[in-house]
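Have a look at the structure that comes next, please.
Think of it as A, B, C and D in the order they're written, each chain with its own count starting at 1.
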Amino acid sequence: MTESGRRGDSVYLRGWDDYEHHTLKLTASKVAGMGHVAYRATSPEALERRAAIIEKTGHGKGWTDGDLGHGRTYAFNTPDGHNMEIYYETEWYKAPPELKPSLKNQAMRFPARGANVRRLDHLNLLASDVGELRRFLGEVVGMRETEQIILDNGQEAGAWMTVTNKTYDIAFTADHYGAHGRFHHITYAVDSKEEVLRAADIFLENGVYIETGPHKHAVQQTFFLYVYEPGGNRVEVANAGARLVLAPDWKPITWTEEERKKGQAWGLKTIESFHTHGTPPV
Amino acid sequence: MTESGRRGDSVYLRGWDDYEHHTLKLTASKVAGMGHVAYRATSPEALERRAAIIEKTGHGKGWTDGDLGHGRTYAFNTPDGHNMEIYYETEWYKAPPELKPSLKNQAMRFPARGANVRRLDHLNLLASDVGELRRFLGEVVGMRETEQIILDNGQEAGAWMTVTNKTYDIAFTADHYGAHGRFHHITYAVDSKEEVLRAADIFLENGVYIETGPHKHAVQQTFFLYVYEPGGNRVEVANAGARLVLAPDWKPITWTEEERKKGQAWGLKTIESFHTHGTPPV
Amino acid sequence: MTESGRRGDSVYLRGWDDYEHHTLKLTASKVAGMGHVAYRATSPEALERRAAIIEKTGHGKGWTDGDLGHGRTYAFNTPDGHNMEIYYETEWYKAPPELKPSLKNQAMRFPARGANVRRLDHLNLLASDVGELRRFLGEVVGMRETEQIILDNGQEAGAWMTVTNKTYDIAFTADHYGAHGRFHHITYAVDSKEEVLRAADIFLENGVYIETGPHKHAVQQTFFLYVYEPGGNRVEVANAGARLVLAPDWKPITWTEEERKKGQAWGLKTIESFHTHGTPPV
Amino acid sequence: MTESGRRGDSVYLRGWDDYEHHTLKLTASKVAGMGHVAYRATSPEALERRAAIIEKTGHGKGWTDGDLGHGRTYAFNTPDGHNMEIYYETEWYKAPPELKPSLKNQAMRFPARGANVRRLDHLNLLASDVGELRRFLGEVVGMRETEQIILDNGQEAGAWMTVTNKTYDIAFTADHYGAHGRFHHITYAVDSKEEVLRAADIFLENGVYIETGPHKHAVQQTFFLYVYEPGGNRVEVANAGARLVLAPDWKPITWTEEERKKGQAWGLKTIESFHTHGTPPV
């Protein structure tokens, strides 16, 4: 990733084709975890409309002045306690001369070093109550669900939701410890499965802990690789191939307990820590 | 591709993850070319609204009864004379037992043969007046432009437009002969650049004429391969990597004459026939 | 793979760029396992020389008349009891008209179906005494060792040996049950890691049991995928990238017990059955 | 590439898995071109034997003291005037602590920057008389030919020769200007076709002139990309897939004038400068 700014004890980072000033803000902290996640509304009017809808639910926290790279935000909590914001005004990234790309339709020069993550893809959370969070993000925030896990007892154990043609922009699964508001991982997209494999070699050489992968998810079928950054947060590098949700009336795919026991697409068993490790630690 | 139906002298085909009954209808004809292209509206209401808007422009041709795999359509002509339709009701593809996929979140079994095209990606047309077609598809049909070519004399020579997060769902360039309503190519997406290279080997072995590629486009940066099907229509197999247009306020990228003279991304000169070959022949 | 002949209850198979008539002979049998493995000598003289050397060790079984696709062979047993043969005369594969390749420097048409294995790569065996087999193949058969596993107690637990610039043409590890002469797996090479991933999708769709992978080996660094054929023999599809042993004086790489406990290159734990499953079953 | 030493006005470079101290020596010069190429003999005895054979032909220039990274060499000229050397004693590369690889079976840490060339692959020359050079390298130096171009008039126009299982270690084509002893290009191998495509993006972003490619050669079928280094020498980055020459009795593939007119494997026309540009300039 490339640094695009600093303020106080925070550093702002981006993939090489993220169009905004940054997509990741790292702030020095004693404990790992997600400070907040912010989604961009599709227009100033959509922002106002959505803030009003959230306000009515009692989860709203009010307007902020914004941050380096984007304008004012409307802040709120999910029912599970995750800090979220929505905003519209954003600073489009302008590459400095030494990072100007050869092709004008990409944000920044293609880097010749590191794992080459192209753009922010999605975020995964843990929730004490998956169904409640799914209803909130669906009915209040306006997302639609594309895939889900339903246990034999009828309980929702996982949900994948989108506001674009990407198959998901956010996902969340049941917190193993029943804790509230925890973070599971953030995912950056690379251009190919080969780039995921290459990232694995780079992580290996640089002593970055590889938790699991590369392999192909059964749910959503992305080709994945999970590592922990030095602070303990899980980070995913992934490629979705050409898979998109293009149907306006897509009906959520439901995975049963038995189906999920098969592990990942080609048979890799889901690693235990994937179910238990979240940040902050409980 | 896989056949999903036949009616009269037409055969209906699909990529392995197209969610609809078919995405290509081939009809026996003495001359190559595009019969019509149909886009799906996002809802029954959206269909009615759009039909009414088109009706007012005088380009409408009225409602049809639909076809194998989809319900009634509203038919119209572009100002350039291409036959288009919009529809909403569609038949979701149901794989027969022998084509049932192992993973329930894909439409059909991943095929172990052929070029493995995953899904319809986009369509390219030729137009006698690029600007007029761009305005029609933008203002009347409701598409937005993501990239364009503007000649030194101010004339529009190419436009790429989308209704999704894909960087384009349709593109069109100036017809070399000034002809009306011609077809340039249809594109199916594969999951990786490697699949494009593999398709090249398969085309080579099967005597399919390779016009140009594999290479990377400068405009839109897709990794492409162009062939002619036996009837003479151009077909593209392509992969876009993880590139999407996620900004709701994306401003069209403009390419100048000089920039386009550089050829494709890595320097391949655009082949002459790419500018001249369209169907039907003039 | 492609069938290139039948005789009795045997069928002869080949990868699309194997230069010989076949590289795999399947014979109907009640129990899975390896009938024999045959290596080709570099010249008629080398064959005679090598046969004489083996003869002297008392492991020789004498000359055979050959088989479909190759001439007479000198048969012998390894000290562990595996049936081996060496031969020189071979029938170069001649593609029938419908399988003639477009490029004359490949053996057969690039297939548009299946896992596209290019050529036989290597064979893995189990041995009751790894050191003894390593010495036999090194000193008698004339192979050189490129990598090995040495336990803390000094015992050899695995050996990789070559007679070419491939990093290994044969490998063998200690038989978990101390059994003699067993088979571990046969490996076919594909052209890229992407082809290995694609093979995984094809195996998944066709109900072929995937034992482990795709992942990258620590030893020899090949990108691997292991499946069981319906009869129970393990088969590997692999890609070695551009890795070759080009040094004439390559010194074997030694892996310790502790190093091997780390699992595969990116951390995948070696699956239990990989240590225990061999054919015939004990 | 990584620097492994300097001496005088020369810098020594290597791919990340080259086993020797260096595989490229760059020396400051007013004119581009090849100073010399050196091949390693398989043993001290083989070196002596070969030197004696060359000596007898009158092309020998005698022994040198060696250079940084390798011992004494026997120097000679090809009949066409290229400077060549053979040697045996070499310094195995020892990675400094910061470049130590995680996997002990590779020479150096896998780099997270640049085009990631793994190892030297081969060298291409231009020759005034292809047949004469082919006979010299075959009969005197001990190489064997794997593919060749024979013109309709019977003249040899290109030859590919090997001393390993790689399909070629050297190649040469007729010098367009009839000049003597010129250099065409040097090739480094990467692990996959994807890495070649990635190299193209890196070259593009860094203003390196891309002459032709990426595409697949018809001859030898390597996936190639040609660039000029700032001094004007042509450099190739290539991947051969799993293709090797494993037959001890491989018979050279002959390409005719007509076949070569078809261009490269998927139809790319061979660029004019590929036939004319060599170093030093005529």
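Convention: a residue touches a chain if its C-beta (ideal position, glycine included) is under 8 Å from a C-beta of that chain, and two chains touch if they have at least 3 such contacts.
Only a predicted model underlies this, so the values are computations on that prediction, with no experimental measurement involved.
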Fitted rotation between chain C and its twin chain D in degrees, CA, nearest 5: 180
Chain D against chain B, contact positions shared by both copies (same if over half, else different): same
Distance between chain centroids, defined by C-alpha means - chain C, chain D (Å): 31
Rounded Å distance between chain A and chain C, as computed from the means of their C-alpha atoms: 43
Chain B and chain C: spacing of chain centres that average the CA atoms, whole Å: 46
Residues within chain C bordering two or more other chains: 103, 192-194, 201, 204, 265
Graph class of chain-chain contacts, one of line, ring, star, complete, other: complete
Residues of chain B touching chain C in the complex: 101-103, 109-110, 112-115, 192, 194-195, 198, 201-202, 204-207
Residue ranges of chain A touching chain C (in the complex, touch as defined): 193-194, 197, 200-201, 203-204, 210-216, 223, 225, 265-268
Chain B contact footprint on chain A (complex, rising order): 17, 19-20, 40-43, 92, 103-106, 118-119, 121, 147, 164-166, 189-194, 218-221, 239-244, 246-250, 253, 255, 259, 265
